[in-house]
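Chain IDs A, B, C and D follow the sequence of writing; residue 1 opens each chain.
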Amino acid sequence: MGLNVSNLTIARGGVRVLEGVSFTLDPGHAIVLRGPNGIGKTTLLRTVAGLQPPVSGRVETDPDSIVYAGHSDGIKATLSVAENLQFWAQVFGETDIETAIAAFQLERLVTRPAGGLSAGQKRRLGLARLLVTGRPVWILDEPTVSLDAEAVAMFAEAVRAHLRRGGSALIATHIELGLPEAYVLEVGPYRAVAAEVDDFDEAFL
Amino acid sequence: MMPDLGKYADAVLSSYAVSLVLLMVLVWLSVRRSKRIKAQLQDIEMKVKRNG
Amino acid sequence: MIALLIRDLRLAMRAGGGFGLGLAFFLIVVTLVPFGVGPQSDLLARIASGILWLGALLSCLLSLDRILALDWEDGSLDLLATAPLPMEAIVTIKALAHWLTTGLPLVLAAPVFGLLLSLPAPGYMPLVVSLLLGTPALSVIGTFGAALTVGLKRGGLLLSLLVLPLYVPILIFGAEMARRGVDGLDYTTPLLMLAGITCGTIALLPFASAAVLKVNLR
Amino acid sequence: MNLNALWAYANPKKFIQTTEKVLPWVSVLAVVSLIVGLVWGFFFTPDDYRQGSTVKIIYLHVPSALMAINVWLMMLVTSLIWIVRRHHVSALAARAAAPIGAVMTVIALATGAIWGQPMWGTWWAWDPRLTSFLILFLFYLGYMALWEAIDNDDTAADLTSILCLVGSVFALLSRYAVNFWNQGLHQGASLSLDKEENVADVFWYPLLVCIAGFVLLFIALVLLRTRTEIRARRMRALLARERMG
């Protein structure tokens, strides 16, 4: 089960930002989205994840195959690391959290309240959540923010293992992840062309 | 000319006054905002066109 | 779904604000009323049912903005929206958790507070029943209001302005039922109306809340 | 006439062009009929044998009360059109109408209170009709506040439409609840429109003209304000595009 995006046009705050975006993400592959700030990478990821409707074009995928991780990790400060992971595992109908804890080296932190973690540790916990969901298509928005070099390597290894299991990943990032096998997609060329000013219609532009 | 309103003159006159004032304020505000927005939009349209 | 409910209840317990705060507010309202209207027990007895209903409504209102705001801020709502739970289920669970932490304690505490306000003996039963029937609707409507205002910076006041008019029918029938009970009158009609409104609200409003929340997550 | 042709007017540009021509006529008609109706009612009608000269308040009270409810109904319809067909003009018309409805509600309440003072001996009674109007006013306030509070126009349109739908149901429930709660002083039959035969012809004809005047005034204001909202919306869209470069 992959992800097929065809001729997608997306808008942020009523203004078109990207148009004609097309790509296919097959099982076992990863795509890295690149482009300057404000070009619409986050909007694109949210549209693909089904959080907002596209202006036009299609996203073909099984919505039950996608897991999304945005800028914030959805971590509850008063719950412990294990409780946080357990909750998300239960929501997605899974039980195993040990693999995820091991993959991001959270063993020593499991009983700590998540509120007491450092920013990087929180991020690792947020990424560990991806593993407990058991879903094949990862959609990640700036996953490596506040991670140190060692943790980035940890993350790259987790993604590689995920791809080996037949999963796939769509990642927006600015830094080098150390994933040479990933296909890099520059979104800059898809920047929406502004319409004529005089000819205004439903979109008021 | 003025009709004899009897002992209820206050009530009748004040209700007409209140209603007409409210209606006029509503109309005045609507018209004022309409003019202001129209002018602002024209400014912006000019500017956008100049910038291409 | 159970997991979400358990998590919300656990969070309410750990944060401490959940069970305690609403009840404490309720107690303060009940304590302040005699200062405002005088300590005569016949006067208090006459207004007790109304005060208890108003107090319950206000302390319910107090915690509404927490229903969704916390999950919005830390991104949990985005993640829940892509989880295999329908949005309707999420808002229903949220409302249920709010009721269990706010509404239910109020219902249980109402008889005790009734004593403080010298509520006449025949009034206890209809008061508790009316609160038991009415407070779930308050939570469900409150969740709708919370969903409407979830992304706003100054949502709290707006939330009250939006939610309070929606509370009118429930307050009227609930308080009417309690008042008729105090006077020893037949309260079947308001009981049935209240039950009907609550059932209708619980059945239909989550769809509106879910639609609103999806719009706000865009 | 082909019904689908009607939707063409839902295009903002077309709407502005069309209303440009219609608006002056509607405005003139509204002013003329309001002046005719109110002058006729104020100067050339007799006093009621029971209510004396206060009956003249009817020419403001009844039309404004009617409009207070009808404006909400119009907002309900345009909200539904927005939800189903997603025509922006429709959502903006609802936004434009809300303050008018709120003012109509205030006029109905104020004239009602002034009228109630000599008739019932009190400015305010928790009478079902008066109370319902007060609740309606709160709904208008909440609706307008929600529009103002949200930055993104499409989000605001979606949320206020749903609030309008839910609010309508609860407003109706409140109406019944309030009726049940207090039977009230307000004379229903003698002055209300449901039983028009009870209003003598001398009062009835100027009243009809006044109602027509209020309706026309509402239409003129809604058109004017919708045009303003469309322009404001286009202005925000242009500014947003400028910022994105």
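As a convention for this text, contacts are C-beta pairs under 8 Å (C-beta built on N, C-alpha and C of every residue); 3 or more make two chains touch, one makes a residue touch a chain.
The UniProt protein names, listed by chain, are A = Heme ABC exporter ATP-binding protein CcmA; C = Heme exporter protein B; D = Heme exporter protein C.
Keep in mind it's a predicted model, so treat the numbers as computed, not measured.
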Greatest separation from chain B - chain, by CA centre: A
Pair joined by the larger number of C-beta contacts - A-D, C-D: C-D
Separation of mean Cα positions, chain C and chain B [Å, integer]: 41
Rounded Å distance, chain A centre to chain D centre (Cα mean): 48
Separation of mean Cα positions, chain D and chain C [Å, integer]: 32
Separation of mean Cα positions, chain B and chain A [Å, integer]: 52
Touching two or more other chains - residues of chain A: 197
Numbers and ranges of chain C residues touching at least 2 other chains: 218
Junction residues of chain B, two or more chains touched: 45, 48
Partner chain A, residues of chain D touching it in the complex: 11-13, 87-88, 152-154, 230, 233-234, 236-238, 240-241, 244
List of chain D residues in touch with chain C within their complex: 135, 138-139, 141-142, 145-146, 149-150, 155, 158-159, 162-163, 165-167, 170-171, 173-174, 176-178, 180-181
Contact footprint of chain D on chain A as seen in their complex: 13-15, 17, 38, 194, 197, 200-205
Chain A residues touching chain C - in the complex, by the definition given at the top: 46, 49-53, 63-64, 66-76, 78-79, 83, 87-88, 90-93, 129, 133
Interfacial residue positions of chain C with respect to chain A in the complex: 2-4, 7, 10-11, 14-15, 71, 73-76, 78-85, 217-218
